[in-house]
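You will see two complexes here that share chain A, one where it goes with chain B and one where it goes with chain C.
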Partner chain A sequence: MNLIKLLFKNAFRHKLRTYLTILGMTIAILAFGLLRTVVSAWYAGVEASSANRLVTRNAISLIFSLPISYKDKIRQVEGVKQVSYGTWFGGIYIDEKNFFANFAMELKTYLELYPELIISPDQEAALLRDRRGAVVGRKLAERFGWKLGDVVTLKGTIFPGNWELIIRAIYKGRDKSTDESQLIFHWDYINETLKKTIPRRADQVGFFVIGISNPNQAAEASAAVDKLFKNSLAETLTETEKAFQMSFVSMTEAIVIAIQLVSFVIIIIIMAVVANTMAMAARERTGEYAILKALGFGGWYIAALIFGESLVITGIGCALGIAATFPAAKAFGDAMGAFFPIFNVAGETIYMDIASFIIVGVVAAIVPTVRTVNIRIADGLRKIG
Partner chain B sequence: MNNKAVVEIKGLSKSYVRGSQTIPVLEDITFSIDEGEFLALMGPSGSGKSTLLNLIAGIDRADSGSIIIGGVDIAVLSETELAQWRAGNVGFIFQFYNLIPVLTAFENVELPLLLTGLSKKERREHVEMALRVVSLEDRIDHYPGQLSGGQQQRVAIARAVVTDPVILVADEPTGDLDRVSAKEILQLMARLNTESGKTIIMVTHDPRAAEKAHIIRQLDKGVLHEFNQAPV
Partner chain C sequence: MAIPVYYSFRNLFTRRLTTILTASGMALVVFVFAAIMMLAEGLQKTLVETGSYDNAIVIRKASKSEVQSGVERAQAAIVETQPEVMLGADGRPLLAKEVVVLISLPKRGSEKQSNVVIRGISGSSLLLRPQIRLVEGHMPRPGSSEIIAGQSIARRFRGGGIGETLRFGMRDWTVVGIFDAGNTGFGSEIWGDSDQLMQAFRRPVYSSVTFKMRDPSEFEKLKARLETDPRLTVDVSRETQYYADQSEVMAKFLRIMGMSLTIIFSLGAVIGAMITMYSAVANRVGEIGTLRALGFNRRSILAAFIMESLLLSFIGGCIGLFFASFMQLFTISTMNFQTFSELAFSFSLSFEIIWQSLLFSLVMGLAGGLLPAIKASRMNIVEALRAN
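Entry: the complex of A and B
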C-alpha cells in the first residue's frame, strides 16, 4: 500500500459524485477543445500561407479590380520570380447551401506558385489543355461525389450566367493545413466570355499572386510593386499572403475573441465545480486526515492526498475529453466543411487541454487543502463518531 | 513494571477561548507515569481528561508547563518535529476505532510504517506480526466495514503497536463496544501491558475498564486531585 493507492481509493469513494465531476470535466475539455479548434480553423488560411508569396490587390478595396496589364510590370520588379492572377468567382453549385470557395485563376502559374496542391502530371496536363477544365480539392470531390470528367455547372453571382466546367484534376494537400475544398478553373475562360458579353469587365483581375525568391525581401518587393502604380487609376496594395489572409480574419475578430472568451469561461465554470467536489470530499474526511496527522503524517502528505485526488479526477476527465475531441471534431468538420475547410485538432489545443486540467486540479484543491492542513488534530478528531 | 518515569508532566495548564471567554480546562497538573505502567484517567465529561491525553500524545499544545516523554520535552518541538515524534513514539487507540474505511486491515495497520524507512517486505512482516498479536491474521484483507466493532478496535490496536511506540494512548477504547467485545479489548490491552511492557494511558468513563489499570487518576474541573491504586 502506498499513498497513491489511498489517493485513488479516496477519489472513487463517492462514486456518483466523482463520476459526475469527471463527466463535467470531460464535457468541459471537449467543449474547450472544439472551441479552440474553431479558432484554429478561423486562422487556417493564415497558417497555410507561404512566406514566399505576396498578394497585390486594388488599394481601395478587394472588390475593385486591377488591369491584367500590371502583370508584366510586376514581373519586372527585382526579386519577383513568378506572377499569377485571377479573381474570386463566387459561383453557386445548384444551391447556396452547397457553398465552397471557387476561383478563376491563371492556372499554369498558379500551380507553380502553390506546390502544396499535389496533382498527378497527367491530370495537370489535361487541366491545362482544357479551357473549361477545373481542378478540385479531394474533400470537395468527395463531398459531391465528383469524378474526373464530370461536368459541374456553377451559377455566376459576380459573373452572370451558368458556367459549365469539366473536372480535369483532383488535388491533394501536401500539408495538413492545405485547404482541400476549393475549385479553381481557368481565368481565361471567364475573360474570353466577358470580352463577348460585357467587354468593359474583360482583362480585369481581382488580385495578383506574386512569388518572390527571398522572403526576407517581402517588404521591399511589396513597396516596389506598389510604387509602380502610384498615382495611377488603380493603385495597388501589396502585402504578404499571410497579411492578406489575416485581413479576412480581422473582419470577424470580435467573433473569434468571443469564442476564445467562452472557451476560458467553460474552464472557470468546471474549476468551480471541481472545487466544490473537493471541498465536500475534504470536509467529509476531516476526521481521517486528522488521524493521519496524529499518526505522524505531515501537512505535505495531506496536501499531496488532496491535490492528487483533485488531479486524478480532472486528469481522467481531461483524458476522456481529449479522446472525445477527435471524433467530435471530425463530425463537426464534416458537417461544417463548407465554412471550415480545415478543421483539425491542433497539438497546441491538446497542450492547452492538459494545462487546463492541471490548473483546474490544482486551483480546486487549494482551499480544501489549506483548511484541512491547518485544522487542529483534536478538532479534526471530533468530527468522527 | 520499572520505576523509571517515561512521562513527566510539570505545571501543565490549558484553557480554551470561546468568544470573549477563556475557559480553563487543565490547571497546574503535575504527575509522572512510569515505564510499563497502565494508567486510567477518569472523570466526568468536561473534566479535561481527553485534553490531558491529547497533550501527552502531542496532538494538542499546552498553554504552560512541560511534558517530557522519554526524555524529550515535546512542548518545545515544532509541528514537523512533533509529527515525526508522534510517528515513532505514540500509538493511538480511539473510541470510534478511526480506521480508514477504504483500506484493508493490513493497509490500515501498515499506515504508520509508511513513515519509516522499512522495506515493503519488512513492513509486511511487522503488520502480520501486529495482526497476529490481536488475533486477526485471518482478516488481513477485510475492510473495516466487513469487521465487527471489536474486530475494528483490535485492528486499531494493531495499528497502534506496529511501530513499537513508547506509549499507547487510548481514549475511551471500549466506549463504542458491547460488553463482550469491551472485555476482549481490555484483556488485549492488559496483555500488551504485562507481556510486552507497553506503557498505556487510558481515558475512560467505565469503572470496569479502569479496573484493568494499575493506577487510576481522577480529573475534575481541570484539577488532578485524587488518585487510587487499582487492583491489578
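Entry: the complex of A and C
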C-alpha cells in the first residue's frame, strides 16, 4: 500500500512536467483510438455482412451487368432459398458532396434477405405499392430532413436523367453495425424507364443477392451458380457477402495499412516523450535512490518505484484518453458521416489502448531503471540535482 | 550582448539522452508531415501530367467519368466534324473515340482482385498523349486480340507481363507490348483495339471522345456550343480539369487526414519539447543567475533558450526529412473512390515540401520553447544565484 502511495507522490512531485506528460499521453491515446476506429469503419461493410448471403456479379468486373433471366436458373440451385437482384445506382442528390449509397433493388425479396433493416409493416406495404417509392435509413433521413412522402430527385450518373423518388419508408438498423445511411428504391422503376429510353440496357441487373439455407454450403452453392453460366456471354462470379465486401476493402488496402502504421507512430512518439520524462525524474532522484539502496532496499524495489511511476503517469493519461475517445468519435462520425456511415469505437480498440499504455510505460522506464539500479551507492550519493 | 550559439549547442550535447528522445519524437512528426505532403504532391503530379491542356474530352452528360459514360456512334461523329478539332499531318482529325471499361484482375503474389482500366484505343490515341512511349514489344495490330499494358500493370498484375495472356469476353488476349506512361495515370491501364474490345464486351457505344484543339483558347466557345447542341447529350471538359476532378475526393481525403494527423501529432511533439526545455531551465537556475550577474540581459537569456529549442527541433526536422526522402522509392497503388479503379502514384519530394517541413519543425520548437524561455528570462538574479 505504501508503495502505491509513494508512486503517486513521486509522480506528482514535478507537477507541471507530469501534467504535460499526462496530457501528451491523453492526446496520443485519443489519436490512436480515433485512427483505429477509422480502420474499423473501413471494415464496417464486412462486419455487417451475413454468412447466409451470397453475391453474384459479372466475372469481368462489377461494371458489367447480368441478364435478369439468370434469376430463375439461380433459384433452382440446391441450397438457394431466396434470390434478390438490383444494381448500384450511383445517383447524385443536388450536389456531388451530398454523397450517399443508393441502390435500385427488387425490394420485396431484398427486405426478406436483409432482416436487419427494420421497417414498420404499414410503411413496408406503402413502399411496395408505389413503384417510385424509396426506403431510406434513419441517419440519412435526419441528414437531409426527409420525411415520409417527400419527393427526392436523384441525378443519374450511370442511368441518365433525373429520377424522382418518393420516400415511403424509413428503416432502422437492427444491429449497431447496420448502415443507416442508404437509399434503396425499386429496380422496376429503372427497368421500365430503360425499356423506353435505352432498350439495350433494359432487363440487366448489376448483381444478384442469394439467400442460402445453410451457411456451410456457401462454397458449394457458389460453385454451382458459377458453373451454370460458364462459357456464356456473361460469366458470373459468386462469393459470400463477406468476401464481396472484403474485395472493396482490399482494393484500398494501401490506405488502411498507412493508417495502421501511422497509429503506431503516434504511440512511438509518446514513448519518446514519456521516456524523456522518466529519464529526467530518475536523474534528479539519483541521490534519493542511492539513499534507499544504502538503507538496504534492493534493486528490485528501486525498479518497481521507477516502473510504477511510469505506469501511473501513462495509466492516468490512458484513462483520460479513453474517456475522451467516445465523445470525440461521436463528433468525428457526425462530421464525416458521408465518408464513414458507421463510426463506432470497437471494444478491441480499448484493449489496444490499454496494451499500449502498458508498453509505453514499461519501455519508457527501462533505460532510467538500468542506469539507476547499476549506479554505485557512493557515486549516487555524491551526485546532486 | 548576446550569448553565443555555442552555449545552446553545448547544453543539448550535455543532456544527450533527453536531446535524442525529444528530437526523435519531433523527427517522427516531421516524417509523417512530410510523407503525407509528398503523397498529396505525388497524386497531384500524376493527375496534372495525365491530362493535357490542349486536349478536350467529351463524355455523356452528368456521367462524371469515362467508365460510366456512353457516347453513341452518331454523337461521336458529330463531335469529330467540329471545326475546332485539330488535323494531323495526314489530314485526319487528331481525335480518339475510345471505350473504357473496368476488369478485375488478380494481383501477382496474392489472389486479391482489383479493378483495372482497359481502354480501347483508335488511331490517334497515341498522338494525343505524347507522354506515352512503348518500351517493349509492339503496338496491338488492329483487328487482333492483342493488348498492351502499362508498366505499373505489367509489374503488379498476373497476366499483365509481355507474352502473358488475359481472358475476358470469351477470348484470350495476348499482351504484346509494355508502355511507359511516365508519371501519368495511364500507367495503370491496359490498351487494346477499340473495335475488338467493343465487340468482346458487347458494348456498342464509345465511352469518350478525346481530341486536340486547334486553338486551346477556343475551348469555352466550343464547350458552350457542344453542350447546347440538341443532337448531343454530352459534357465537355479540358483533359487537365477532367483528371483533376477524377481524384478530387482522394485528394480531399488525403488533405483532411494529413492535416488532422499533423495537428494531433505536433501537439505531442510540442509537449515533448516543452518538458525538455522546462527541465533544461529548472536544472540551470544557478547558471542563469550567473549569466545575468555577468551582465547578460533578460533578452539574451530568452534568446539563448529559444535558440536551444530551435536547434533541438531543427535536428529533429532534419532527421525526419532525411528518412522521409527515402519514401520516394515507394509507389502507392490504391483504388480511386471516384473512378473505382486502380491508380498508382509515388511519394514525391519537392523543394516546397522541404522548406515547409523544416519551417514546421521550427514552429514546433518555438511553441515548445517559448514558455520555458520566458520563465528563464524572468528569473530574479539574487534568487537564481542562491538556488545553488
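We adopt the following convention: the second predicted complex is superposed on the first by the 382 of 385 C-alpha atoms of A that agree within 3 Å, B and C clash if a C-alpha of one lies under 4 Å from a C-alpha of the other, contacts with A are read in each partner's own complex, and residues count from 1 in each chain.
Throughout what follows, contacts are C-beta pairs under 8 Å (C-beta built on N, C-alpha and C of every residue); 3 or more make two chains touch, one makes a residue touch a chain.
Owing to the predicted nature of the structure, the values given are computational and were not obtained by experimental measurement.
Student: A:291 contacts which: chain B (first), chain C (second), both, neither?
Tutor: The answer is first: A:291 touches chain B but not chain C.
Student: Scan A:6 for contacts with chain B and chain C and give back first, second, both or neither.
Tutor: In the superposition, A:6 contacts chain B only.
Student: Looking at A:139 after the superposition, I want to know if it touches chain B, chain C, both of them or none. Which is it: first, second, both, neither?
Tutor: neither
Student: Touch test for A:53: chain B only (first), chain C only (second), both, or neither?
Tutor: In the superposition, A:53 contacts neither chain B nor chain C.
Student: Is A:233 in contact with chain B, with chain C, with both, or with neither (first, second, both, neither)?
Tutor: second
Student: Given the touch rule stated above, what does A:268 touch, chain B (first), chain C (second), both, or neither?
Tutor: second
Student: Which one hits more chain A residues, chain B or chain C?
Tutor: Looking at chain B versus chain C, the one contacting more residues of chain A is C.
Student: Let me test your reading of the model: by the given contact rule, A:71 touches which partner, first (chain B), second (chain C), both or neither?
Tutor: neither
Student: On the A-aligned overlay, A:158 touches which partner chain: chain B = first, chain C = second, or both, or neither?
Tutor: After superposition on chain A, A:158 lies in contact with chain C alone.
Student: Just which bits of chain A does chain B share with chain C as contact spots?
Tutor: 385.
Student: Chain C touches which residues of chain A in the complex?
Tutor: 16-17, 20-21, 23-24, 27-28, 30-31, 60-64, 90, 92, 96, 155-158, 160, 200, 231, 233, 247-248, 250-255, 258-259, 262, 265-266, 268-270, 272-273, 275-277, 279-280, 339, 367, 385
Student: Per the contact definition, I'd like the list of chain B residues that touch chain A in the complex.
Tutor: 51, 54, 57, 59-60, 79-80, 83-88, 92, 94-96, 98, 100, 102-103, 106-107, 110-112, 114-115, 159, 176
Student: Under the touch definition given earlier, write down the residues of chain C that touch chain A in their complex.
Tutor: 17-18, 21-22, 24-25, 28-29, 31-32, 60-65, 67-68, 101-104, 112-115, 168-170, 201-202, 204, 233, 253, 257, 261, 264-265, 267-269, 271-272, 274-276, 278-279, 283, 332-335, 337, 340, 342
Student: Residues of chain A touching chain B in their complex?
Tutor: Contact set of chain A toward chain B: 1-3, 5-6, 9-10, 13, 287-288, 291-299, 376-378, 381, 384-385.
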